[in-house]
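Labels for the chains are A, B, C, D and E, by order of writing; each one numbers its residues from 1.
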Amino acid sequence: MRIARVVGSAVSTIKEDSLRGAKLLVVRDASVDDQITGEPYVAVDAVGAGEGELVLVSAGSAGRFTATTRDTPVDAVIMAILDSMEVSGEVTFRKG
Amino acid sequence: MRIARVVGSAVSTIKEDSLRGAKLLVVRDASVDDQITGEPYVAVDAVGAGEGELVLVSAGSAGRFTATTRDTPVDAVIMAILDSMEVSGEVTFRKG
Amino acid sequence: MRIARVVGSAVSTIKEDSLRGAKLLVVRDASVDDQITGEPYVAVDAVGAGEGELVLVSAGSAGRFTATTRDTPVDAVIMAILDSMEVSGEVTFRKG
Amino acid sequence: MRIARVVGSAVSTIKEDSLRGAKLLVVRDASVDDQITGEPYVAVDAVGAGEGELVLVSAGSAGRFTATTRDTPVDAVIMAILDSMEVSGEVTFRKG
Amino acid sequence: MRIARVVGSAVSTIKEDSLRGAKLLVVRDASVDDQITGEPYVAVDAVGAGEGELVLVSAGSAGRFTATTRDTPVDAVIMAILDSMEVSGEVTFRKG
C-alpha cells in the first residue's frame, strides 16, 4: 500500500451512480516520516480520514474491497489511518 | 483516481464487439488546478463528459465497474466530472 | 487505453495452452499524431490489426475481456483499430 | 514479484475491518544482492517475515490470494521469504 | 506482455502454501533484439523456461491464469518462450 497524506478534497455532482455519497479526498504519496513525495490524486475514503492525516492507500482492484466501495469503479481507496511507523528500530512517524 | 482533462476524441470502426457505442475520449492527466501534466491516452466516457472538462479517470479493472463498461475490455473510464477541488484550505479548481 | 502502433510480430511454439492460435503482435506506445513514444512490448490481437496500424491496447485484467482472450494469461490486448483522433478541434490522425 | 527487504513496520488502529490482525510491514524494493533500490511502501505479511529479511512481494490483485488476505483491500503482500538467489550461475544472495 | 530474459532463479522455503513446487525464476525485461533493459524481478515459470531464454511475462492478475498458477498470489508469470520476433520486416531475434 502507498503511504500518503490527505491534502484536500474533491466535489463531483455528475458521477457514476454507485459513487453517490462517496467521500473523494485528494492525497499525495508521502515518505515514512510524513514528507510529501508525489503528485496529487484522488482516493475514496473508507475509514473516516481527515486532512493532514497520514494514511494507507490501496490501488487497483483492492480499491473495491472495502465495505464502502464494493462493486464501484474505484481504483484507489484509503483503508487505514496510520498511528505510527518504525524503520530500522527508529520511530519515523507518530500521529498527533 | 487520476485527475485528467478531456482534450479530444477517438473514432474506431473496427473494435471489440462489446465496445459498440462506447464514447472514446482522449484525456491527459492534470493537476489540482487544471494544468495538464501527462501525455494523451484514451478513456471510455461513463458520465457524459465533454471536451475541456476536468474529470476523474479510474484505471485498471475499475474501468469495468460502470453501467456502460461492464464486462468490456476497458482499462480506463471517466467516472466523475469534477465541480471543484480544494487543497490545504484553498480552492484550486472550480468548474465554470 | 494506450494509443500504440503495431510494429511487428512474435512467434512462440512453447506457450500456455490457452494461447494456441493467439496472434502475438509487437506494439509501441504512440502519440495522438502517430509518433512512436515507447519501447516495444507484446499484445494479443483481438480485432485483426496489421503492421503499421494505430490501435488501442488495453492492459491488465482488461486483456482477458475480449472474445479471443477470455480466461487466458494475457495482460495486453489490441481491442480497437483507430480510424481517426481529434485533439482541441484539430484532426491529429486519420488512417489512410 | 518484486524483490524487497523488510525495513520496518506500521501501526494503524483505525482501518478497514477486514484488516484486523494484519501485520503491516514497511518494505523497500531491493536488488538480487540485497541492496535497497526503492522507496518504502507497506505490505501485509502472509508468511511470518521479519525485519532485515529479503522477501517477495506480490502487488495488485495477487495481494488478496493468500490465506491471510483473502477478500481484503490489500494491494501488496509478502508471500515468500527468500533463502537464496542465483544469477548467471553465481549466488547473489544467501540468507543468514 | 513484457519481453524478458531469464537470468537466474530464486529459492524460498517459507512461502504461501499455494506456491509449493512453483519454479521461481529471476528475469529482466529485454528489447526485441534480446538486449537487457530492466532490473531483475521474479516470475513463476508456467512453460518450462530455462536460463538465457527470451520469454513473455504476463503481469498482474494475468499471472493467475495459467494451469500452474491458478488462485495463487502470483503477479508475474512466464507464459511463452519466444522463438523469434520481427519488427518492420526484419527479424530482430531468433532462438538458437
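The rule is simple: contacts are C-beta pairs under 8 Å (C-beta built on N, C-alpha and C of every residue); 3 or more make two chains touch, one makes a residue touch a chain.
Note that the structure is a prediction, hence the values are computed from the model and not measured.
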| item | value |
| --- | --- |
| Partner chains that chain A and chain D have in common | none |
| Chain copies touching (chain B, chain C) - same or different residues, decided at half shared | different |
| When chain A is superposed on chain E by its C-alpha atoms, the rotation angle in degrees, nearest 5 | 145 |
| Geometric centre distance via CA averages, chain D-chain B, whole Å | 33 |
| Inter-chain centre distance, chain D versus chain E - centres from mean C-alpha coordinates, in Å | 20 |
| Chain E, residues touching no fewer than two other chains | 60-61, 63-64 |
| Overall pattern in which the protein chains touch one another (line/ring/star/complete/other) | ring |
| Ring of chains, enumerated from chain A in the sense that reaches chain B first | A, B, C, E, D |
| Of all residues in chain D, those that touch chain E in their complex | 1-3, 31-32, 37, 46-48, 56, 58-67, 69, 77, 79-88, 92 |
| Of chain D, residues touching chain A in the complex | 7-19, 24, 26, 39-43, 51, 60-61, 63-64, 71-76 |
